[in-house]
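Below: a set of structures, written as structure tokens.
Across the two complexes that follow, chain A remains constant while its partner is chain B and subsequently chain C.
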Partner chain A sequence: MAKDTNSNHADQYYKAKKKEEMKHQVITFALMIVFTIIAFGLVIGEFDKLFVFPVLLVLAAVQVGFQFYYFMHMSHKGHEFPALMIYSGIFAAILTILALTTITWV
Partner chain B sequence: MSTATVGKRSFGAVVWDYLTTVDHKKIAILYLVAGGFFFLLGGLEAMLIRLQLMAPDSELIGAQFYNELFTMHGTTMIFLAAMPLLFALMNAIMPLQIGARDVAFPFINALGFWLFLFGGLLLNCSWFLGGAPDAGWTAYAPLSVISPGHGVDFYALGLQISGFGTLMGGINFIVTIITMRAPGMTYMRMPLFTWSTFVASILILFAFPALTVGLFLLTFDRLFGANFFVPDMGGNEIIWEHLFWIFGHPEVYILILPAFGVFSEVFSTFSKKRLFGYSSMVFATVLIAFLGFMVWAHHMFTVGMGPIANSIFAIATMAIAVPTGIKIFNWLLTMWGGSIRMTTAMLYAVSFIPTFTLGGITGVMLASAAADYQYHDSYFVVAHFHYVIVGGVVFGILGGLTYWWPLMFGKMLNEKLGKWTFWLFFTGFHLTFFIQHFLGLMGMPRRYWKFLEGQGLETGNLISTVGAFLMAIATFILLYNVIITTVKGKKSPADPWDGRTLEWSLPNPTPFYNFKQLPLVRGLDPLWVEKTQGNGKMIPAEPLDDIHMPNNSFLPFTISLGLFIAAFGFMYRVDAGFPAYVAIGVGLAITLGSMLIRSVKDDLGYHIHKEDLEKEGAGE
Partner chain C sequence: MSTHEDVLSSENLPHEPEKATLEGKNKFLGFWFFLGGETVLFASLFGTYLALKNSFGAAEHTTPSQELFGLELVFIMTMLLLTSSLTSVYAMYHMKNHDFKKMMVWLGITVLLGAAFLGLEIYEFYHYVHHYHHTFTSSAFGSAFYTLVGFHGAHVAFGLLWIITLMIRNARRGLNLYNAPKFYVASLYWHFIDVVWVFIFTVVYLMGKVG
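Now for the complex of A and B:
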């Protein structure tokens, strides 16, 4: 960040906001590494499959959420439509998988 | 470079211009010509089907050829005629309706068209290379996997390539509508045709991937020895049906929603009233799209999914009748008390209501899972989907083309010939398909090569064939109308129908940059607002300034051509050996090379300068 000696209110506001954002990104990044280690640990530790699969799926879902919201800024203004489309896509995909698992595969 | 400054040009220059164009108005004309060609081809196939079924136990054409005919009739009409004709209207009209100078990605728009065209041509090459696909337009496994020859390979690869194009077109329209609306054009001020383009594009975005996946699995099963649909090897052929209909049912809404949009514009203009219940129309459009994703299994009631799955899908299907009903009543109430002009476009719109309602009612009948066991794969189904697709989509396309022809070509189609077309087509259509409901209930199965004497099916089939001839005559009159208008027609006024929406505020012919200054939109039906509250002209929202335009490019053509060549290589890999691998190599090299050129070469477009725009005069 370039030094700005004439910083006014707005500048300070944005600086604080950016600092906050940076903090979130670092925390998320650390969490993502921890999640990845946990995932590897679960597989290496040879736990029961019925336990490992759901946990892995949940961890994966959380990671995707982190990716969207903290690194791809989906929470920011102007991202409502991409968010809506992503959720619609997830809805269509879940519907498909749900139907195929209940009707065809079981 | 600019088309406005050039007068008479050589034939070669015009062809080159169309091969490289990225202008949405010209791409619309390309879609119209290509879609129109495939429409005639699909119609020819339909006529042969009806000729074969004119008399009992007919030997006019062989059984195998009949299988190929009905397969290609369905595939051609849905993928290569109805979709591109709607894309033609969307491309031509939607950017003008929202006050944009082009679509968001002009290059991708051209690429979408050429991919569609080469996919369609590939599919039809099959006629000359050992026989067309013969497994029905639905290509159900296991028949599509074991079908001998290369017919179904052409189906899988041809639809794959044209599907890429459609997907790109859909994404392009979504981005255009979200990002390029003129100042003041809020979502709830968008004309219904733009809304339905938007929603249909979202459906394309979510539905086409299912087809892409399905076609890839089919391609791998047929060409590379995979076993996705082979139960002996642990596969499952029902998965094809699911994937196909997860795409296939939203597909019918992709077709019908834009037609709904066309009719909404036509009703409003020719009743001289704003659309009744605008917000409920928008809501109903979105609701149809939403529900359209959870009904696909109603095509598979007899597969044996079990009573619970059947009931869920039956109820979801019937629920769609509600938003559709909202639309029907809104259209009726738009006409109510309006000052109605029965132009050709309005005739299509008015006759669409009872026709489509009939198709909707048989739809609810078919949705009752228990009763469907009786209707399934009979002519009742054939009658149903022709009522919704011809009575809805084809009427919509013909009405929309008549309505927007002056905007697309600067000349008005002959109304008298247009009305002849309409009445012959309308009569012929009902003659052909109404009787098929009863043929189906009497037990005549769909897709059979012949029927036998003495089962009471003779008269009905004869009537049906007579009706098909009337539709053919109507199509010829339409063609004659188009030719005579192009050759002899006079230039039409800029706003021939006393229009309400933004596209009619443009001069005739539409400048290649569309809007000299982006217009300020002050309400629903922006032009009508200015006609009643202003001086009838749009208020500019910006000062006159340089306009940034994209350069033409030949790359979309070569990218698509490369895939076309490579597809032949993949198909004949086993029987042709080395030459096929050469085709794969050359084809992919052309495609990937063109993509590489596009990626590394900066193409920043050009500017039309303010001074040149001023020189051309005020325009409006």
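Now for the complex of A and C:
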């Protein structure tokens, strides 16, 4: 019986925590929609290329960060290995893109 | 016997059922390893596209990306995929609350949104081929474009089949410690598809429209 009351408390605690997380995820979603609209707006507004490109890339990087940390739970405990894998992947990805765009076909 | 049943029945699931078993933990770690590899795979396709996007060779019909891409369709596709990412978050929220029925409903909505995205992408490709003669073999730009965007589309198609298979296979089983990691990993895959799409609409379509 004592065990049941304990787990009940734990249930309540986790439930509140999951609700809180859900709230963050909905806010994240709203921000991603806003960022997407800004990105499309910048292109439709025909601003200068030198201004638009860096802003677009930053908006994309932030959106991807949101996906990883909030939607895919990388902000939670126990995600050291996932972070290591993704950051190694991003490191190799940047090298690959640099190599292909600067050396290989130029 | 009865203890075994207890562990698997949905009334007694632990907190975070997707990582409660060793098998679940291994699936979780292994899948992130896979996603790291996928990142590099897509990077090689992005790098190829960026290097070849202005290479038209001796193609008869050349349409540069500024004239080719229509932003309305891409915007709708982006919204569909982004929303499907949120609905799969809802599905996992209900999984963690051990509510199998609601999880299935949200996964179903995710599948519908993903299918709508894929339908629009097929229409887009059809439109390019028939109205602009922009095909896989028309130029290096065409090859790089269809390889990159088509590979992402194939990931969407695979993700849809994966989630549908999981839903049918486990429809009568309910949620347990054996299938919770499977649903969780499939939702991670679905989010990753959206991650790749964020870069596709930015680098291919938006930057391509600017020039």
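Note that the second predicted complex is superposed on the first by the 85 of 106 C-alpha atoms of A that agree within 3 Å, B and C clash if a C-alpha of one lies under 4 Å from a C-alpha of the other, contacts with A are read in each partner's own complex, and residues count from 1 in each chain.
In this section, a contact is a pair of C-beta atoms (placed from the backbone, for glycine too) under 8 Å apart; a residue touches a chain by one contact, two chains touch by 3 or more.
Please read all numbers here as calculations on a predicted model, not as lab measurements.
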Message = Touch test for A:8: chain B only (first), chain C only (second), both, or neither?
response = neither
Inquiry  = A:33 in the overlay: touching chain B, chain C, both, or neither? Say first, second, both or neither.
reply    = second
Query = Which holds for A:104: it touches chain B only (first), chain C only (second), both, or neither?
reply = both
Request  = Tell me which partner A:85 touches in the superposition: chain B (first), chain C (second), both or neither.
outcome  = both
Message = Can you tell me whether chain B or chain C touches more residues on chain A?
response = C
Task = For A:57, select first, second, both or neither according to whether it touches chain B, chain C, the two together, or no partner.
result = second
Ask   = Can A:49 be said to touch chain B (first), chain C (second), both, or neither?
value = second
Partner chain(s) touched by A:96 [first = chain B, second = chain C, both, neither] = both
Note = Overlap of chain B and chain C contacts on chain A, residues 81, 85, 88-89, 92, 96, 99-100, 104-105
Ask   = What part of chain C is in contact with chain A in the complex they form?
value = 15, 19, 28-29, 32-33, 35-40, 42-44, 46-48, 50-52, 71, 75, 78-79, 82, 85-86, 89, 93, 96-97, 188, 191-192, 194-195, 198-199, 201-203, 206-207, 209-211
Message = Which residues of chain A touch chain B once you look at their complex with the stated criterion?
response = 81, 85, 88-89, 91-92, 95-96, 99-100, 102-105
Message = Applying the document's contact rule, which stretches of chain A touch chain C when the two form their complex?
response = 10, 14-15, 18, 21-22, 25-26, 29, 32-33, 36, 39-40, 42-44, 46, 49, 52-53, 56-57, 59-60, 63-64, 67-68, 71-72, 78, 81-82, 85-86, 88-90, 92-94, 96-101, 104-106
Remark   = So, in the complex, the side of chain B touching chain A is made of residues 174, 178, 202, 205-206, 210, 236, 238-239, 242, 246, 293-294, 297, 305-306, 309
